[in-house]
């Protein structure tokens, strides 16, 4: 089992983790600690491609207190894990070194799902880009569970800080919507409110979302107020001189929490310069975030215990499983539809890449290194047509080359010609989330999509994909979607 | 118990540590090692905000040989402990992760005392700025104790290298002065001699300080010669082309140690380029510094053993203790003395910040963001007065804001006005050691002072503070000093 | 015992390690792990002056699975091990901290041999510059041993990639030549072929070296094909635009391995951008390099087990052994041969440094800081002579100074004058491999040479040294070589 996204985890699993965390928590109060039952110490690989202190140290504390070991890296400057080694190879290396589980953080969305696909041992997402950070969500849930007397039903929570950009708030609110009678309060007094699409989604899941005129008003209705960091780097619309006033409005101070009958949570670290939480509040009994940090250890211990206790030691398998090899991103088109026009006739064997953006055909030819490798290239940009095409006697095109072509000009049509006939014709799709790991050509990750109620979503970053090319008919699309697995 | 400064440690405690280190040392010769008696492995957090190899590895060896564990960081580049997270929060995080003790190094003076104030678990100073490095002093003392047949009385020691700037020599000589019949020899042949104030202080403590005309002469009288690194970066008065001749004079070579009946010590590392100790000396039987490095492990084991053996496991307390919240840096002045002049009459509620340096009043007003927050500001610089003042209807001023004001213009007078009356009037003091951690606005450390025989000293960096403002009368000062705790 | 170079290891030792690795490998399949039998956990110091992930993690996995511990550093940015601390002192520090063995990587050739000379505990070479990486060679041999049914005789291996520059291929082929009936196949279809000198050396050792016209042809004859990284940074003769075509030729793809009845090995990491191994090959059953990575753990466990199991704990010796102190790099010349000419007569005591390159005499005088230290200097460049000389009343010259002089002008003649007579006359030699650690003046490593069948070789980097100076007669040379130890 892998832990990639909080949304993948069932209500039952979340409650099981909360219950186990609670047992571990109580044991700690009795000065007891659980140990993983196993013949040899279990080893956790901590692969932090992006530096981290809190998440990393919390995992290290967890595995260590369970009697296990850990190794890994934090940041890639002092290691040889550079841009030149693929995630796939890094994962296989750590498997070869007999790690029993992996926790990974990486700046690209979907990277950890790919690592989990490669690995035979459990992989836990320690944060993939702006995408997911499920153990943060789990520790938040456990903190609320504890505050809410051992339940996640009937939670009344306030959300604060940067509701527009923060991943934490997004994940947490969706996770709470798995439970009964959730009510989310937030204040409209500043610009960084909850996005409309998220409110709608939460409501569709049965969660009440209630706006209040001020933070102080929100406090009156909740037992937990979850504050988040301002994501200044993402507030591009804002004028710099408006920031102090904005921070002033949403900063948590003693006055705002006067009527709170509960605790303030925060994923930490608090930005000590902006001080989105006033220093005075740190001394209040309503400060709940230091305890929340400790809960992170209990939750991670509960997770590792669930994944590793009494499970057999996994022998290293030096082979890659076949299902990593191919994607499902080829939208087939009917070769029969193709008019064998004069231009194609001039090659008997090779390929045609059509529906390229005008002006991009030369870049595509260069990316394929046709001249260097000694193949023909015919580039055509016909004034009466909207797109350009490339024709070559290059016998085949690799997956990596297809990805390169798509990044230069999305949704090309590729036709394979043998003995003058089109024997295959398809449109390859590449996820269009610019931060998706599958767009890194050198990682060689076969693009995979799934069908989420009729919309095409990337297996890795989960972003929906919309087909743009007018050449792909509604029928073609529907036929393609039918080939995709459901999520 | 925390280990912050060698000067805080009693003669008895130092001897206790030396004795225990000696037992551990002898056990090592018998191939025996002590283990901390405890239910779960004890965990040491190694928080090296400044990179370190020697001190860090020595602590790691110590805790590991005692059967414990460690985690932490060295340098903050590969962690997310950045300038934006406060020391307070970093310390609470590591406490939340169940560490049993903390060793910390930081570039700011007094930072580790603050960490110790925050932490419930023992904190050991691994070096705070140029201030203190007590475990280095302890290992030096143990090395001398061993060389001096198990005693720290009657020590005859030579000091060499940079006596003018080195912290090591300063700490060590003061620590030796706690013991009987200490004699310190040094040579006047070069410019970097012992500072006059230190010689006086040592003599007042009963230590003999004797100058000799040459290093070779010093060697004749001592059983230990303690050599230190040249602090080139701090020798600003020196001409660069004088350095070779200077180093030549104080460099330890075979000729200089001819008459030494004892050993050369050095805190290491030796600068291999300057070679303040000649390569030949490394091969001499009089070389004592590699053994001194091993003693570092014994002393740190003795310390950790003393702090952690059989002590109960500390449960994490997520709250901050109240006494961290307030400083004692407000020098009260009599509000009755205040002439309610015309200018103040114009505000009924608000505050007056007086005795600002002329020209600084605008910076103070900007720091308080009066305009951004929508408050009045009246700035006055009267030609007949030496100082300027600021008047505003801002109802209150936070501790952080007071610190900001003091850094712009020290020793302002702050008057709080309610219903047209001055209800409070005080001068806030901020430590004036530029490297003191309390001057970092965003760390939110309430300034605390203590009374050291009538002089005001910073609790954190220990620097004495001299009141400059002529507005603070001798009576005001004395009244204030009476409110301070003794050290 | 130290592990510095694969060439030093006997056939018997290699087979012993393979056999033990094989036992550990089989135990792993049975979910069993060996533990080092020892009173206290054994500690491995991991001193990676150059960053490393694979080698470092592999060693960590090995010592950890054996029940031991490790500490150290990777890269020197986050430590205080800077250029200013000598290797000697770093090694003594880690010994003082009670490490039982050391693995070290450093960018300079010969550095690890020097570390091994300093250390009393076993030192393992984790890579010294471009020189040696014996544990890589051992794991390659074990992988071949396993593939070859438990034997290293009768190995038929193909070598690919950059045969001209790669250390791996060089070490591996020489190591295989220790065994019977080795046949090495390689393809001539690209420019980076095996160097002629290596082929001759292998043939002289009884190994068959066979060229084939293509990589695909090589595949037909081997059970192991060893592929290596292109060393682009060392292909200075190559035009950048030729690289794609070159890579194309030697890249391993499915077509090339069609006739391979065996496995592809690679030291990893594969460069994911150049893709010297095609992504498709990773999925083939002929992919052997992930298993090879796991073998690295088995081999390193076997090595550590061999070095550390049941050996007694080594007490730290704070002294440096005398034999580190002096080199054997002084080629004595007959003082009697010296004509006491007018120029020398003018000094009674001091030294003459002769046979300096013209124009370098001033740099030599400056390096000796004669003026700063207050000594005479007479520089002479006589028009009728090819070289220059320096005469001074400096009474003696240190080893470090000799090294500095040699780096400015190699093979000077140094004459020591006492009471007007030449009492000693010699030519000091310094290794002329520019990357040799002994050329780092501040490391203070006495140059040592050995006699390898009449040629003078550096003890540290093993490069042969050729005497250039025509002033050194054939007799002088032969007399000198006789003073050297054999290897």
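Order as written gives the chain letters A, B and C; numbering starts at 1 within each chain.
In this section, a residue touches a chain if its C-beta (ideal position, glycine included) is under 8 Å from a C-beta of that chain, and two chains touch if they have at least 3 such contacts.
Predicted, not measured: the structure shown is a model, and the values here were computed from it.
Undergrad: How are the chains arranged in terms of who touches whom: line, ring, star, complete or other?
TA: If you draw each chain as a dot and join those that touch, every dot ends up joined to every other.
Undergrad: Would you mind working out whether chain A and chain B touch using mostly the same residue numbers, over half shared, or mostly different ones?
TA: different
Undergrad: Based only on mean CA positions, could you tell me how far chain A sits from chain B in angstrom?
TA: The computed centroid separation for chain A versus chain B comes out at 45 Å.
Undergrad: Which positions in chain B touch two or more other chains at once?
TA: 77-78
Undergrad: So in the complex, the part of chain B that touches chain A is made up of which residues?
TA: Its residues touching chain A are 39-41, 43, 69, 71, 73, 77-81, 84-86, 88-90, 92-94, 96-98, 312-313, 315-316, 318-320, 322, 324-325, 369, 372-373, 398-400, 442-444.
Undergrad: Quick one: which bits of chain A touch chain B in the complex? Just the residue numbers, please.
TA: Going by the criterion above, the answer is residues 28-29, 31, 33, 51-54, 57-58, 60-61, 64-65, 74-75, 77-78, 241, 244-245, 248, 268-273, 275, 278-280, 282-283, 285, 287-288, 290-291, 293-294, 296-297.
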